[in-house]
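Here the structure is laid out as structure tokens; the discussion comes afterwards.
For clarity, chains are labelled A, B, C and D in written order, and residue numbers in each chain start from 1.
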Amino acid sequence: MGYDPANPMADRITDIGPPHYSKFHPPVVAKNKGKWLWHEITQPGVLVHKAESGDECWTVRVGAARLISTELIYEMCDIADAHCDGFLRFTTRNNVEFMVDDKAKVQPLLDDLASRGNKFPVGGTGAGVTNIVHTQGWVHCHTPATDASGVVKAVMDELFDYFTSMKLPAQVRIALACCLNMCGAVHASDIAILGVHRKPPMIDHSRITGVCELPLAISACPLGAVKPAKATVDGKEIKTVKVNNERCMFCGNCYTMCPAMPLADPDGDGIAILVGGKVSNARSAPKFSKLVIPFLPNTPPRWPETVAAVKNILETYAGDAKKYERIGEWAERIGWEKFFEKCNIPFTIKSVDDYRLAYDTWRTTTQFKYTNAIK
Amino acid sequence: MAKHDTPLLDELEKGPWPSFVTDIKRQAEKNPDCWDILGQVELSYKDKITHWKHGGIVGVFGYGGGIVGRYSDVPAQFPGVEHFHTVRVNQPASKYYSTENLRALMALWDKHGSGMTNMHGSTGDIILLGCRTEALEPFFYDLTHEMGQDLGGSGSNLRTPANCLGQSRCEWACYDTEEACHHLTMHYQDEIHRPAFPYKFKFKFSGCANDCVAALARSDFAVIGTWRDNIRIDQAAVKEYIAGNIASNGGAHSGKDWGAFDIQKEVINLCPTECMWMEGDELKIDDSECTRCMHCINVMPRALRPGAEQGASICMGAKAPILDGAQFATLIIPFIKVSADNEFENVIEIIENVWDWWMEVGKNRERVGETMQRVGLPTFIKVMGLDPIPQHVKEPRSNPYVFWDEEEVEGGFERDVDEFRARHAA
Amino acid sequence: MGYDPANPMADRITDIGPPHYSKFHPPVVAKNKGKWLWHEITQPGVLVHKAESGDECWTVRVGAARLISTELIYEMCDIADAHCDGFLRFTTRNNVEFMVDDKAKVQPLLDDLASRGNKFPVGGTGAGVTNIVHTQGWVHCHTPATDASGVVKAVMDELFDYFTSMKLPAQVRIALACCLNMCGAVHASDIAILGVHRKPPMIDHSRITGVCELPLAISACPLGAVKPAKATVDGKEIKTVKVNNERCMFCGNCYTMCPAMPLADPDGDGIAILVGGKVSNARSAPKFSKLVIPFLPNTPPRWPETVAAVKNILETYAGDAKKYERIGEWAERIGWEKFFEKCNIPFTIKSVDDYRLAYDTWRTTTQFKYTNAIK
Amino acid sequence: MAKHDTPLLDELEKGPWPSFVTDIKRQAEKNPDCWDILGQVELSYKDKITHWKHGGIVGVFGYGGGIVGRYSDVPAQFPGVEHFHTVRVNQPASKYYSTENLRALMALWDKHGSGMTNMHGSTGDIILLGCRTEALEPFFYDLTHEMGQDLGGSGSNLRTPANCLGQSRCEWACYDTEEACHHLTMHYQDEIHRPAFPYKFKFKFSGCANDCVAALARSDFAVIGTWRDNIRIDQAAVKEYIAGNIASNGGAHSGKDWGAFDIQKEVINLCPTECMWMEGDELKIDDSECTRCMHCINVMPRALRPGAEQGASICMGAKAPILDGAQFATLIIPFIKVSADNEFENVIEIIENVWDWWMEVGKNRERVGETMQRVGLPTFIKVMGLDPIPQHVKEPRSNPYVFWDEEEVEGGFERDVDEFRARHAA
């Protein structure tokens, strides 16, 4: 049986989609779906959902690196088999959830998890830091300006205490994207770690002919910095492009369209920190994250500058905000000038918008607070 | 035994958070190609730059997406990752698994690929990370035949839809997110697998305004649960909260002493519409002013529940920043019933409406949100056949630059300048 | 002596500027300048300012049409001579202020004013409607889409009671501009009455050559609707312009630059109503007025539709807003959807922004209120 | 006796508000040309359209502004307004007048013009409405010689500056608005009279954030009073307010019964920064959080006063909507001392800074606010030689599109692609 390369279309099955989710519901979920009454987080990482029927679904949430091996997944399956009737789930932020239908089954599950070293940290609920949504970085992508998994590991090690506790004013959602494509939800996170390039693309004239459609490369640039040009390759004049470096804002869109325009660079690349985004509509409408630190260097393996910056913002917020206040709500209440002062972050010109909707961010009122930024 | 020295990566084995390095090392014991993952990433850590080539078009026959091609730019050093394509397997709605299913899928991946995964990708897929070109078809064959499973999306197509777990385990879901997600995924298999759009298009389904799948931020078409009637109040439970007998916010703040629960401060004053008040020990809500933001319900889950006449809002056009800056999705349909009873046909009608239009006028690599911006919201509302309502906007326009159609203006646009001059000397 | 046309430069005086204001200060003002302690509005139109010295300056504010004759100004001078030591002033909203230095002098002044018919209405203070800032209209300008003085008179007649009282939640500032140039502060008024054109310009080919610089006319158009063209005038081909009517949004900027492109029209022109602007930084930052009624016809002499629209908004606001709440603050608190519902104003597509910063006005949250606009 | 029938305009003689029609009729008794004003406006009321021609360049020798030319497009019918130019006479700061001055000026206008005026124009000038071309120079001669007064601005120049009455009769003014306005008007006579700018430029001076001359909305250069230290509180007066012995808001709300004064509701809860509270019967303010919005002072003028260390904020770039949409002025200098002691030289320095730059880079008919938008605020801050501060913006940028100068980036922008390829196979 199996795939026959000589006859690739034989027997082909397509368009069958994913399995129906109902096959994978734990029994207590299947029984009580749509009939839940309330929930409670009884301790960090442990939730109980109460159903109209009186049933309870106890969930233990466990952190995961997201970049995980089949070996680790088999181990998760072992745990689920041992405690959870052979079911588990993953959350929208890449945590793992083990569910049991009886409070009595919780502690044995927790003990089992704890017995396995640091592989299965319990937490990520409530007013804490949950898993960092992130992307590929140097492990898989072609456009990153930083790594993903390594930075996340370094940051989560430092914030671990906030993963396993619920002592913040509100949930804090951290995300990382390794380039401006922002495959993570970096544009709407409480704290966002963003890989940024800072050098304009090089042009690989000797390759461009084969691999690029020049008009697409040219039109890819939102600022019109890419222009048609000629170059001599092996004595022959070819059509190529040139980049007006002055106009380039390092978005990388030209490289996405044209492999002959690489822009990654060990010194040019690094990390920007954005803060104050949120997704939920609770209290305030969703907010975009705002750029507060334009650049930190790439310092593998543990990115100490980035780790420190994130921790500083998190803890300044934790010490100052009111209960329920997300980071962006806090910053807006105290005013962004106070945010910079309290977090002791120097304000730079890079935080001043000059893109398409920039005018709406200018301060068109006399209302401001005096801070250390005013000399 | 380790094939490469990885002194930098080894630093990431320290610390309390689970280490992907330790995990890959374990996997490498089983699949030695994984040493080359570590080797190449270590080189990136040294060079501070990626060592993957740009893209690479690979896939399975007949599908325009589902595989992301990837080749090493230092294949001689790391032959194990010379080809390192990812396979996007469409996850089951809500991401529940039986261990049976999961083990079988992983076994398949051990057979054909690196054994490394992302559970899950940002869009929602099961990401199987790294296999060779020649392994793709065999893997796909086994996936479909043995597992009865299929690939998700990549390219200019409908991307793998995703949902919050909704009614399966959340008391607040206002419609069945997982059924909606599953149904539409099945309904649009062709659109997922065969790119025919100007660019990618994403569906996400959240059961309420908390938006646990980030639909409003990350999907072109966001279906977010809400209700039309009144928040259901259990006044007895309200009293329990006030008495301090139930932890606020489902216990989410129990790690710090925030003082005794104060309904005024924690609920009433934080209601964005100021539509709540106490009358004696009864909590009152003027529901006609409520915007169903979920805050009060979040804080007092045992006392407050979403209304009973449930449905969803549909918001469109979210996307990441490239090129015009990030967009959140815009409220287009304030309230719609979302139900399997009619096989979601009212939702499907809206989807096809927007696709028909976008496929016609959308430019290459233009997300629907960008097309909306390019033509303007008034035009978009018109092409969608909707009545404009103030709910579409935060506020009315402040500039006076209004377009009028010739038919709207008495006498039309054509005038005779000579006649005008006869009455108005120049 | 005087001007000698035969010798125009003789004796010429230039650049002397205005007289020094201090010559015109009433004595109590001159004495207490910079030393005022507090004020009180003792009745509509009457203010007292108390100085550190104990002195009091009593001000009686009087409405004026702004378009006023020297005869009327002489009469004002008579009043000032009789009561105010020969001084008076005009406010930034074109009211007249008569000041006396003793409470006892107030009533005689009021009586005198009252004795002169409706020429000198007392009011315009505090939480009421003060004078309407307005522009030229058909009395003097070349680009108006409506009249100014007539509309203002009709509106003020109807709102007169609010000029002479202080029973609104806050001050209400009404402004009128007769075209999109907005010479009044229409873009930031509680209620704004704006003259709007709705027909694209005609091209007077037979005149354009002499009076227009075509490149200026072409570049004047913000939407690029004006393009170079040719036409035949008296058998000769001339260079001219044409207008792409589809793209025209009737801003009139081309006409400003080129007299051969008139756009005014009896049927095309009329009035738009904008609301919710404010200038002060009190409580909330300044706000732009928002377009809520895109068009009302020009119906001289008393513009009943416009008068009714303004009154309706004003009174709906008066009945619903909280103390201190300006119209824009009220609309934002209740939500614009409720504004339309409460005011019973049909919402039209014209209120949906499609200009340069439009995206920032889209509703990017699920937060909304159900109103009669949702079927 | 009426020269024209004006049945439409006559309708505007009714009603309680002063009637400009009645007024013009009275004036027409003295100056019969005024009948033609009424006649032509009546025709406009019939035709629903203006009867003035486009512009017309007229003026007095040596001045590039101050007169707005205007001609009737139906001069045969209304010869009295065939020429109907306006003269903009620079008003005295704060618009106080002696009757002596006012009578003399009006007499001059009766002699040379229509006798109709606007007191005042929107910018602030005394607008003398309607005179013939040949009367302009004689009027100007008399104005300068007899009155010692001068014209204001029109055209691409500094427009007539204006101010709120400030310290002259207001307890809140944080600097001397009328002296600042007068001084700068005198200092810049050349700029007012001889257009040398890309477009118009307006100064306005308000003594505090209430902004009674609408500077932030209507001037390219707005100087708005503020303070650096603490709001001065008279606790005894606070008690009086609470006791209801002093009317709130200076009596501004006395026409309606709003109930007893409630300091919590009316002051503390409306403070935008939430920086006020009661401690017993003392009102406390955390001034470091205060944004000096004026609300609390407005409500309790006898208890609260601006701080004693006074000065102003400078905001730049307001304008009407044509072309890019209206702009409010943007906070550029958060705090500056504004005083006649140094002849305002620190303010003048900022003015000249912005003019030098704008005159160089501003396009024809581009207001400085539009130039600011075109180049971007970061560039503007740089050319102004200022340090960027968070007070310049409402919030930091949300898009990631940051420019970097080559010098800022280690190794610069030039790289060798061959060297790159040696390490990264294509």
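Here, a contact is a pair of C-beta atoms (placed from the backbone, for glycine too) under 8 Å apart; a residue touches a chain by one contact, two chains touch by 3 or more.
Keep in mind it's a predicted model, so treat the numbers as computed, not measured.
Novice: I want to compare two interfaces, C-D and A-D. Which one has more contacting C-beta pairs?
Specialist: Most C-beta pairs in contact, of the two: C-D.
Novice: Which whole number of Å gives the spacing of the CA centres of subunit A and subunit D?
Specialist: About 47 Å, centre to centre.
Novice: Please report how many Å separate the Cα centroid of subunit C from that of subunit D, as a whole number.
Specialist: Here subunit C and subunit D have centroids separated by 13 Å.
Novice: Where in subunit B do residues touch at least two different other chains?
Specialist: Residues 47, 49, 51, 53-54, 209, 211, 216, 224, 272, 293, 321, 325-326, 328, 398-401, 424, 426 of subunit B each touch two or more of the other chains.
Novice: In subunit A, what residues contact two or more other chains?
Specialist: In subunit A, the residues touching two or more other chains are 180, 182, 187, 211, 222, 251, 259, 262, 265, 267, 281, 286, 288, 355, 357, 359-360, 364-367.
Novice: Determine the shape of the graph in which chains are vertices and touching pairs are edges (line, ring, star, complete, other).
Specialist: complete
Novice: Can you name the residues of subunit B that touch subunit D in the complex?
Specialist: 47, 49, 51, 53-54, 73-75, 321, 325-326, 398-401, 423-426
Novice: Could you list, by residue number, the parts of subunit B that touch subunit C in their complex?
Specialist: By the definition above, subunit B touches subunit C via 209, 211, 216, 224, 226, 228, 272-274, 288-293, 313, 315, 327-331, 334-335, 373, 376-379, 381-382, 387-404, 406, 408-411, 413, 415, 417, 420-421, 424, 426.
Novice: Help me check something: in the complex, which residues belonging to subunit A touch subunit D?
Specialist: 180, 182, 187, 194, 196, 198-200, 202-205, 207, 211, 222, 245, 249-251, 259-260, 262, 265, 267-268, 272, 274, 276-277, 288-292, 294, 331-340, 347-355, 358-371, 373-375
Novice: In the complex formed with subunit A, which residues of subunit C make contact?
Specialist: 281, 285-286, 357, 359-360, 364-367
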